[in-house]
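Each chain gets a letter, A, B, C, D, E and F, in the order it is written, and its residues are counted from 1.
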């Protein structure tokens, strides 16, 4: 059985992430969305909020599970018995950073393969940070994030609709 | 009448910016240099100083105006009735970031077009941050910035000449 | 009055080209689609066919004209009294080639500015050569090219629909 | 059951290709190496030779099959009932071309996903064309290709060892 | 006599740095490893620790010297009478940043040439920041850094072996 | 004594090549400009013409020699007892191709180092092929090539001045 991990900060989950999750869930038997808690990083949403929003957004996908980790991805992969990491690629700068991470992870855990899926062109401009920025200035983020995230952002900021 | 906006932090304006402004002012009927005030960012120069330096540098260009905004560029464009944003491209990394911003802005404001002009090769290495760094160590920034900016930097730091 | 040239081989025109033409026609007073005839290159369609297909595709745009040239773009621009060249950018490799051409053209004709517009993400994968290849194997090119081009390709190859 | 296609010219197969095949065969239940015959391209080896060399190189991998196609990859994928295409990525230029192909293929066959694996760094410089060039000048290609390919190249050219 | 400077933060020195130093020391008569102290940056290791680790790692290379600087690289180069700067390139993003720095440095000191060496593919994923991150989570950094650095990191963090 | 090779087709030599030669001749004790004759490639100028033009352009540089080779660069380097190859970098696409060649050459000849110098920004758009194209249409190539090359191109084509 093929188990794949889709790691990220998901602060918050966007429609671009969701697109990768839906497509990945068709390729692999089981997909674990793994939310990273990096102690030296500041988040807009707490770990609990980020997990809750993802769970709501993926509830139609029976073979997708949501988990979290802090520390090294390779340790989490070993613990969860997963040998595949899935990542979305949008642009050349993504590509180089992700290549570096994939090589480092393979160095630390020889059996771990990273596979890449191209993000849908309609989400190629989308990132959590751009969503946070637009929402912080009251811009409309409908079409960019799942409804539950739009609602949560509305509570944090004053959003147009 | 074509009205174009040239947005940026301009902390401080460089000869690379000025090159884009001069060329943009020949292409469009009116060019608005729009200085961004991002509350979460620290600047070397105050908004007033940045505006004053730009006004001095563009005073020979009758169809160029200097304004400022905080918040979303698309809201400023709507307010100023402008449908064109102009950006300078120096390198591949610029290109990807600017592409992302252009797509996001088009998503938020369908009629807004971003047009790109290649920065002159002689300014391809130039940025406000590299100017600030060189000046902070007392390096010579003549040829890199308009005279008024060199003078202002001299007041902030001890500059060679 | 701002006159812009949009040069290319257009062998054949695609919906990606048409998107740039429509957006360019809103930015500039007049847009000249300039079809290149390079004697050392082989085309699928003759110059006459390429011009005819473009004319049909842009007939709803009153300020767009179709012309052709062989030789240097700068000579054509001088002849047509145009000081702006418009190009679509899809990817990093486009960017570098177009930058090189823009700099060379500016070297040969100091007053000529090249402005770039980002291709719509939904056409970011599209090129005339990929259309020719798909059509040559009988693939469906609807949504990729204007109807008149689809019909013309159907006559050249056996197309599915 | 997940069936993946690994398409290419394989003129000839290199150790870089073999690395992708071995890793892909661990991720998916079945992997079809699909040799492309493009009528408008000249090959060093015939289709039969290319298939024979791949079969020899992958004989230790029970879930890998070798097949061929001419025409569109999407038609081959439909025929073989495969919904996954696997590609190796070495560099940024690969990335952009492969992204374009992946998007086009998805346009032509909505259910077809392209997944990318990073080529091992030790093969990042390797391509069939560089192998052909080195061999044509009598350079040593051991370590770059499987033994059977080295032998075949030796027969075509005068190789050092 | 050719004197080259290899500048960097070296926080800490990695096997990738060491590879560049060893190869650079064969090309030039004298190589000065120049450790940068940027007052506005936070380091994991003090200047003394960074210098000590480099000195230990390069002790087998008679024409390599370790020095430090704060301020502009061009001022340090003038002081040390060096006209060559050596840099390692791993990726496209390195390339653009380093190109910008090389052009700026040439602008500030006309006789200063920057030469680039490609990092060995086996170290292409390696950086000081990734070493610090892995070590901070207790990951194994053997093979990534010289033994003296591994030991030092062990003292700072709890490392697996 | 450091001997460096600067290989290329030089069809014809441009001011960009000359810039690299002049700067390389200051870094290394001896610089060999090595003109490649690839039997499968068509050139505008014969080997004799290309060598003659380079010799004229570098006659002010006492430590620069002009030679030619066909076959592998590594065999030529061994024959000439050179352990350094010098290449100019203009753009990201150069970078990737040159990286691939440098790694392949190092694979074939372990002691051979490739060092890269950034091309002057004022020549960043310049290539032999763009010079041939401009000259073939009668464009002015003064400032782009040494005078001897301009004269030779004038004889081949009808050049403006």
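As a working rule, contacts are C-beta pairs under 8 Å (C-beta built on N, C-alpha and C of every residue); 3 or more make two chains touch, one makes a residue touch a chain.
These numbers come from a predicted model, not from an experiment.
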| item | value |
| --- | --- |
| Required steps from chain A to chain F (each step between touching chains, minimum) | 2 |
| Any chain that touches chain E and chain C | A, B, D, F |
| Chains touching both chain D and chain E | A, F |
| Chain of greatest Cα-centre distance to chain C | E |
| Same-site or different-site touching of chain B by its copy chain F, using the half cut | same |
| Chain A and chain C, separation of their C-alpha mean positions in angstrom | 38 |
| Whole-Å gap between the CA centroids of chain A and chain D | 31 |
| Shared interface positions of chain C, touching two or more other chains | 92-93, 96, 99, 103, 121, 124-125 |
| Each pair of chains that touches, named by its two labels | A-B, A-C, A-D, A-E, B-C, B-E, B-F, C-D, C-F, D-E, D-F, E-F |
| Of all residues in chain F, those that touch chain C in their complex | 91-93, 124-127, 130, 134, 137-140, 143-144 |
| Of chain D, residues touching chain E in the complex | 92, 121-122, 124-125 |
| Of all residues in chain D, those that touch chain A in their complex | 2, 23, 26-28, 83-84, 89, 92, 95-96, 99, 102-103, 113-118, 121 |
| Touching residues on chain D, where the partner in the complex is chain C | 71-72, 74-75, 92-93, 96-97, 99-104, 107-108 |
